[in-house]
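Here you go, one structure.
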Amino acid sequence: MNQKTNIESSYKLQANSHKPLVNSNLLSKMNTENWDCKLAVMKYAKFVLFTFAFFLSTFALSAQQQRFPKPEFDSGYTQPSPVTPEPRALALEYFDVLVLLLVLSAATYLALKSRSRQGILWLSIFTLAYFGFYRNGCICSIGSIQNMVLSFFDPGYSVSITTLLFFLLPLLFALFFGRVFCAGACPLGAIQDLVIMKPISLPKWLNKTLGLIPYIYLALAVLFAATGTDFIICRYDPFVGIFRMDAKFHMIVLGVAFLLMGMFVARPYCRFLCPYGVLLSWMSRFSKWHLAITPSKCIQCKLCTTSCPFDAIDFPTNEKEVVKSGLGPKRFVTYALIIPLWVALGVFVGNRSHTFLSKANPTVYLAELMISKPEIKDDLDNIDVQTFRASGESMDELVLEAEAIRDKFYTGSMIAGGFLGLVIGMTLLNTVVFRKRQDYEPHKGNCLSCARCVDYCPVEK
Amino acid sequence: MKNKGIVIFLIVLAVVIIAVMVGDWYSKRPDRMEANKFEYNIEEFRKVPEELILFKEVKNFRVGFENPAGITSSGDTIYLVGDQKLKAIDIDGQLLLEIDFQDKPTTVEVEGENIYLAFGKSVKVLNRAGEIQDEWNIEGENTYVTAISGKEDFVFVADAGNRKILRYTKNGNLLDSFEGKADADDLHGFIIPSPYFDIDVNEYGDLWAVNPGIHSLEQYTDNGNLREHWQASGAQTENFSGCCNPAHFCFLEDGSFVTSEKGLVRIKIYKSSGEFLGVVAPPTKFDDKIEGQAPDVAVDNKGNIYALDFDRKVLRVFEKN
Amino acid sequence: MEKKNKAQSRRKFIRNGARLSLLLSLGAVSAAALRKVTTDGYVWQIDPFKCTQCGRCATECVMTPSAVKCIHAFDLCGYCDLCGGYLKPDANARSTAAENQLCPTAAIERKFIEEPYFEYHINEDLCIGCAKCVKGCTSFGNGSLHLQIMHHLCVNCNECSIARVCPSDAISRVQASEAYKVKGSWTNPT
């Protein structure tokens, strides 16, 4: 990165010219005694003048073009004006928020109050139709994380009120009622929910390990959004192509692969990828109210466990087994004590990988490319390199810009690494935490409030 | 294992998902993206055979203008306008004269004892020492003067905005104006789609004007009757490309035309009959920009060609090989 | 029994505390965002003065054909017979014959108005946003043809997939109330 290559084309003749230049003539006409001290001032003034004139010149050029009179037509021809259809009305955007609020309320009512699986099913079909196929999966709460992050880090960008509400409302509902958003208001969840055919139960270790991916995805999404690099959540949204019924081939492959997978592993995207699910899960763990499997006392019939396709029902704890397995305070303390080690490891890994991660940024990548392969500047088919060369920006400026971005990645990836270390440590700690449970209960973090178990529960009110 | 088939199926899907994500991630990088399928390709016209290039660049001067505007020559003195200044230099680049103005001059012409400067809607007349003698205002909302040319008795002013050539006496009386309309079937008067409209008077006192809309050069009598014309349309080296070309032209002593084009920037020479003679500076000599500007051209008494390069802000001198 | 109650109430207290702190952090996040929130929506648009006509608008848009179309600023057009955006650079005649047309989909329609003027009109259904004509018009003409994102076609992705690969960063978010940057009526502010 420190190495700087001279890629700008130089005007050879100009450099070799021995003839006096008009500019230098002007200079020599000045008093030669205070020439030296004037030089610095001149240099600066020249720079200011140049930038000013540069802005002025681009403006003048376009202004001149516009001022130049059109032909005068004798045949009574009237000039049409270009047609510019307006974007979607703002009122409709607000209407979307209203729909979201209504759907969330309905999902809450259906999951917690009327306890109707069928109701939730119809609600998710509505969501799929409205937010999915009608609104083309955009705007979506999952992607709004990146808009929020970008608005914090990019002074030129401020989030719109609709996006803010799309980000906030599901989290608020999760904090009070559990993940009702996942149950009925998320089009991505709805489409996956409909294809569940023969869900298989994953082993616990696999469930936990795959459950870490959303944290990694979230950390990367925030890192890339904060550095203004990319919106990876939107870029790899597997179903948006299906909602739009028009997409690049690889997007369709991705969507179909997820749906096929979803036939046997219920809602694979929601459980093992969705970064918004991480936030919802945090909220839902402390939710004030939550969907309950039984309306009154549990009769330990275990019917609900077979109904849950997401392995989100916790079994009653068997105290004898716990004692035998040696889980207890001792291991808890050990696992708690090694959390700082996990964090330190995460920071280290983040530090090591920041160079690699920063290459995701187009500016950094271009700078690296032009330094490592200087011959690429002659490749006329390389659009990015040729555009850069034609832009008049110097290699030094590009390198400086890239270095500034890489600095952001340096801090950002260490924070992200530390966060992931903490998550791993806490996940491990969780495996040895002993919580007394007498009944079959939904895991509040993982339960998507789909109310399938409610249907299976034989207990009447 | 119970669901062996399903597990294998799932693993395959997981691999597909990862492959698609990683593949997409790496495919959108500058060195892996495909070339422009819809390239507007003029490369073949940028190449000019060596034997057609009759001139070579011998030197160049930084003119010290942020926005150069025009050039003309008189004997061995070169007059340049740009920014809010008029500068006169000798052929070695020594500054002889520098005058500041309130407005931006758009073009300059030297004829006899006078220097004529156009400022959009007016013409200022200066003596050779740079003192203002007279100012002619040209009426009209659309007036935009792009060129001035003089002969012994008259001064012609090209008004691109109104698509007219105005004829003045030396002391500023407007005699008449004409729009170049003629009986000939293939001419329609001046078609000037953008502010490029050059005129010049050659050694024999003939007034020539560019009709940029149809790629032709037309000779008019003093009172605006078309006498002769020639046309060369096309992107090929021997023709004028695109729209509004040639944007600038001037004469060599023998009456040959030195033409300068925008877009596909090049300077060429045509015989007085309009027959293509050769190239002064091929497109490869200029910056490869989307909106390449046509350099303004002038010829000194030694037959050297001066091109004012607006993109590089440099005065470039070409000498016969 | 009393012990159990105590444990339960302690747990409840912790949960309430956690919920309150989560609520407060959500409040803090939204307050921070609200400080510079905008009530207007965002849409994507191309700055015609930055565009370098690289052709990616035709290939990278999630829509097929692209939501980017060529737009004609009639204000700037010279209504020429020899149009750099309509005719191939090596066209052998100034006619509407297909072999002379620059546009790969023949989306530019040419209409005779009066001697010697012609009107050029973009057929939006045929235009694929490749910018070939834009380059021809900008290099050789007045630059009246230019690309714009048409908002009745654009699905307004959260991140525009063309913007991601635009080599000149010409595509950016703009306020929905000023959704177009049409040359002529919109002037480059810099």
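In this document, chain identifiers A, B and C correspond to the written order of the chains, with residue numbering beginning at 1 in each.
Here is the rule we go by: a residue touches a chain if its C-beta (ideal position, glycine included) is under 8 Å from a C-beta of that chain, and two chains touch if they have at least 3 such contacts.
Because the structure is predicted, anything quoted here is derived from the model rather than measured.
A complete topology is adopted by the chain contact network, contact being made between every pair of chains.
Centrality annotation: C (chain centre taken as mean Cα position, compared with the mean over all protein Cα atoms). Looking at A-B alongside A-C, one finds more C-beta pairs in contact between the chains of A-C.
Chain B and chain C have centres, each the mean of its CA atoms, that are 33 Å apart.
Chain A and chain B have Cα centroids separated by 50 Å. Here the CA centre of chain A is 21 Å from the CA centre of chain C. Contacts with at least two other chains are made by residues 65, 68, 71, 235, 362, 383-384, 390 of chain A. Multi-chain contact residues of chain B (touching two or more other chains) are listed as 30, 33-34, 36, 193-194, 290.
Listed for chain C are residues 52, 54-56, 77-79, 142-143, 164-165, 167, each touching two or more other chains. Note for the complex: chain B touches chain C at residues 28, 30, 33-34, 36-42, 44-45, 188, 191-194, 213-215, 233-236, 241-245, 262-264, 290-292. Of all the residues in chain A, the ones that touch chain C in their complex are 55, 58-59, 62-63, 65-66, 68, 70-71, 73-75, 77, 79-88, 90, 93, 136, 138-140, 143-144, 146-148, 151-152, 157-162, 164, 168, 171-172, 175, 230-231, 234-235, 240-241, 244, 246-248, 251, 282-283, 285-288, 362, 383-384, 387-388, 390-391. Taken in their complex, chain B has these residues touching chain A: 3, 6-7, 9-10, 13-14, 16-17, 20-21, 23-25, 29-31, 33-36, 57, 59-64, 66-67, 87, 89, 92-95, 141-142, 144, 160-162, 193-195, 288-290, 312, 314.
Considering their complex, residues 52-56, 58-59, 77-84, 89-92, 94, 102, 104, 115-116, 130-132, 135-136, 138-143, 164-165, 167 of chain C touch chain B.
Interface of chain A with chain B (complex): residues 11, 13-14, 17, 19-23, 25-26, 29, 49-50, 53-54, 56-57, 60, 64-65, 67-69, 71, 198, 200, 235-236, 238, 250, 253-254, 257-258, 260-261, 264-265, 360, 362, 365-366, 369, 373, 376, 381-385, 390.
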